[in-house]
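Below: a set of structures, written as structure tokens.
Two complexes, one shared chain (chain A), two partners (chain B, chain C).
The block that comes next holds the complex of A and B.
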């Protein structure tokens, strides 16, 4: 920041600041610094006069750097960027810096999405059809990647690469940043069904190599597999099961595997293992009406309640009483 | 596969350590919390500037916290009460009128229920304690059919319900799998609660998840001793208030959430809390019977 605050400079002398109208006795006032409250007084003045100028744009930046969650200021900035026809590439660079300082600000991530949406709408045609992957309530048109001429396909690929690299940097800092993952899904879908979907899978492979318990990465994997352009086919499902085999969690013979694991290790320590066995036995008891399965399910519930997962003791005991409602053949 | 140190430690603790409530029970610092919340009402310190747009919410935390501690009336002078009511109304903006959000809201919530049965912030994202509370409480506020569970619904053959009618009835149920949601919530308990799978235990999730369970009439399945033990550890022993983790500074949000979470376990000195409106039961009663807001609908 400059040594002299902007409001003491001659180029701001014509502006009459408007103080915050908080009434005589407001609820939970905040102990603002003098600098913040004066800056906001000038911002209010610029808002009221609807001034469209470089200095107004600069002022929004000053406020945002003091209070990045101030959505009114962000909105004002977006209108100014458009009115002044600014080069948005510079804006993206600034956002890169802002998001590294404030990785959990909804407004910063949203601003980036607004910018990229705008840039892409100028460069590339949007499809009138809605995306198949989008929820029925979110009907944002996506870009028909495969119908574009090569030059535009390349522009799309370049933009996606810049965005995915930018997000990857944020995920290096915090691999579970909800905003980053949310924006990543938007980028993947917005630009249509390009080659980045395939590459996304190897990116996820890498994250899971680093931390197999990164639930955000698993969620993204499910997103790619279930909504990607290749479709949620038998073949894809088989491939995914194969990957779980590699992670030593075969699903194909879950029951045999789980029982084998229990008998081999003799170590009753995993609530997830026994919870899975409980589910399997419960299913068997319901479908095959086998008394043996029901009794095994109850033993698992008792084991979980008493030994393996006592923090959920009340839940497992409740589960056991629920099992009593299953009818089996004697 | 190798895994990073932090998360492997967390999981090892959850799965191999014998379960035990903290041995030395710290006491609930009721008086200090009252002082902390009263100070917040007077003036929030400078770092709250970055949350300038959320002042109303912090006002709610301070007033709501004092109400749960049973001292709201005595803590606020009549002059302040009138002035603050004026201040709150002065912030009101009349929104553009919109259609009834009922079915659209239910459909959106259904789409936010994920493959692990928690709820995400929008479709396809990761399930999260905060959005799970928003989803479950919304279904609870809509009430009736919105709280049904699609998974356990069966076609009414005797009454001649055909497939189409059954599908239509099913579409009004807010939960795709309510038992799944209940289990997802309970699986988040470590000592207190985490907000997502393999994340850190944090004071506020005792509220987000605890309240979700309370709305599903399942709060009694929580391990009270462990939850209470964690919450008492996150109290600030000198300033009062609660932080998000043990040894973090207190803030208004976590202070309110800590007190509210203890209310679900009937902590002495805290009034009962309604998990749907997130206010004390006695205030809920007052809103239902003595204000215009509920007059026609209840």
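The block that comes next holds the complex of A and C.
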């Protein structure tokens, strides 16, 4: 941060700040609050005079970084970007940083959509007709990808890739970020029926591999399958049912892996590792009625209670008593 | 209480249900506008009009309609109306449908709709409809089913649903396109089901008399699955419970006449345990810092649950039921 606030610099000397008009209460002079309210006083002045300048643009950035959900500032910034004919690629970079700081701001995601919409409308022709192959879900005008010359198709593919990669970064932080998923659907649809629809399926496969209960990824899968270029054919329905069967992994699948981990000193103290083993042995004891599995389950519970996770000692001891109700063959 | 049986088979006694701290909540809301030395006050500047709606609604439901200065509120809201008829989130902020609806709700609650230019509000709302039947949030175009509900509720409260410039059949068609395979609704066609988006879509269909587009059994089940062991409700599967979903989920269940599908005593306990016993106000979940948004939706949730001592709330408009009756909108449908 600058040592001198912008409003104390000579290039701002000609602006008369407009203080907030809501009552006579003077501000308690806490440094940050004063800084914020002074900044807002200048912002009001710039808004009222409708100044179109570099410093006005810079001021919107300062205000946004202080308070990213202040929607009026975003609109002001969009007007200025257009009036000053700014390079929007730089703006996208800044948005990338802003959204990593504020992943749940409606305004930041909308701003990105406005920019990408604008950039694409300059580079690519828009189609006002609804695509014939798309399902009835899509009614907004989209880009007729297949009718474009190869150079424009490439431009579209490049833009889509940048956007999808950007969104994927946000989803790595929070795989259920509603804004990120909404914007992702907009990007996929806006640029028409390009190859990204097919690629999206393998992206979703990866997310479901990590977390089979990721309801956002399942929703996206439904969206792709039901609105994608191929449509909801019988063959696709059969493929999807097949995937659902594969998605159910039995717990026993990770037994060997977990037992292997125990032998490594770095992992041996993990409560997650040992509680997973407890679950595995418990399930084995219930399903196969093996006395050995039950006794392994009990020693995991004892280990967790006494050594590995004593803060939840009462829980693990309770869990151990629950194990007593399992009947096994002698 | 007398003679507790010393019987081993009796279930363990639950701790006593916390009391609803009416007086503390009233003081908490009254003090909100005096916290100008808090950073939070300035960072929420764009939500000031929404904040007034949350605060004044909570006070009305708590049975303290006079706890804020009515004339001061009316004067302030008048200053937030723009030339195009829309109302901004604060003085000098651009108009937006979210703050326009909040202002209309507050003015109707205080019976002071005469203070603003209603025809112009209608002009503004009408101007936000898109060709596909949806509504944008402001003149800059962000579209979301939330904004549709705000627009439709606004026109309904102002008795202007018959305005010839809007096509509400298209709006119904758009909402139907937002319906998902699980019976729920998202923010746009194809968007994931989310309890708050369900509320706005079901609310829109209720106001427009088109609830037959909803499979009430399927959606009712999805909504009741939102209740977790703590008694609280979440907004989507595998997410944490949060007091504000007491409103989004419970109001939707009310409109679908399936409020009894969830465990009301457990939800009541969850909301009451989310109260801040030191400062007043209700947080998103027990132990967190309260705010006026969760305070309002917690109290309105308790009202829908029939908690004693509270004024009845309308499940569609989220305003006192007697106000909705006064303006002649209430029906016994829910």
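One rule holds in what follows: the second predicted complex is superposed on the first by the 229 of 330 C-alpha atoms of A that agree within 3 Å, B and C clash if a C-alpha of one lies under 4 Å from a C-alpha of the other, contacts with A are read in each partner's own complex, and residues count from 1 in each chain.
Rule of thumb we're sticking to: contacts are C-beta pairs under 8 Å (C-beta built on N, C-alpha and C of every residue); 3 or more make two chains touch, one makes a residue touch a chain.
Model, not experiment: these values are computed from the prediction.
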(request) Give one of first, second, both or neither to describe whether A:203 is in contact with chain B, with chain C, with both, or with none. (result) neither
(request) Would you check which partner chain A:185 touches, where first means chain B only, second means chain C only, and both and neither mean what they say? (result) both
(request) Give one of first, second, both or neither to describe whether A:67 is in contact with chain B, with chain C, with both, or with none. (result) both
(message) According to the stated criteria, A:219 is in contact with first (chain B), second (chain C), both, or neither; which is it?
(response) both
(request) Could you say whether A:145 touches chain B, chain C, both of them, or neither, answering first, second, both or neither? (result) neither
(request) Please work out whether A:166 is in contact with chain B alone, chain C alone, both, or neither, and reply first, second, both or neither. (result) neither
(request) Answer with first, second, both or neither: which of chain B and chain C does A:227 touch in the superposed model? (result) both
(message) Going by the contact rule set out at the top, does A:78 touch chain B (first), chain C (second), both, or neither?
(response) second
(message) Once the two complexes are aligned on chain A, which partner has more residues of chain A within touching range, chain B or chain C?
(response) B
(message) Which partner chains sit in contact with A:36 here, chain B, chain C, both or neither? Use first/second/both/neither.
(response) both
(request) Would you mind listing the overlap between the chain B footprint and the chain C footprint on chain A? (result) 22, 25, 27-28, 30, 32-33, 36, 66-67, 69-72, 136-138, 176, 178, 181-182, 185, 213-216, 219, 222-223, 227
(message) Going by the contact rule set out above, which residues of chain A touch chain B in the complex?
(response) 22-33, 36, 66-72, 133-138, 176, 178, 181-182, 185, 208-216, 219, 222-223, 227, 247, 269-272, 309-315, 318
(message) Under the stated contact criterion, what part of chain B meets chain A in this complex?
(response) 1-4, 7-8, 11, 14-16, 19, 40-41, 43-46, 48-56, 58-59, 62-63, 79-80, 83-84, 86-88, 90, 104, 107-108, 111, 114-115, 121-128, 183, 186-187, 189-191, 196-199, 220-223, 226
(request) Please name which positions on chain C make contact with chain A in the complex. (result) 36-37, 39, 42-43, 45-46, 76, 79, 88-89, 91-94, 96, 132, 138, 140-142, 177, 180-181, 186-194, 236-239
(request) Using the touch definition up top, name the residues of chain A that touch chain C in the complex. (result) 20-22, 25, 27-28, 30, 32-33, 36-37, 40, 44, 47, 66-67, 69-72, 75, 78, 106, 110, 114, 136-140, 176, 178, 181-182, 185, 213-216, 219-220, 222-223, 226-227
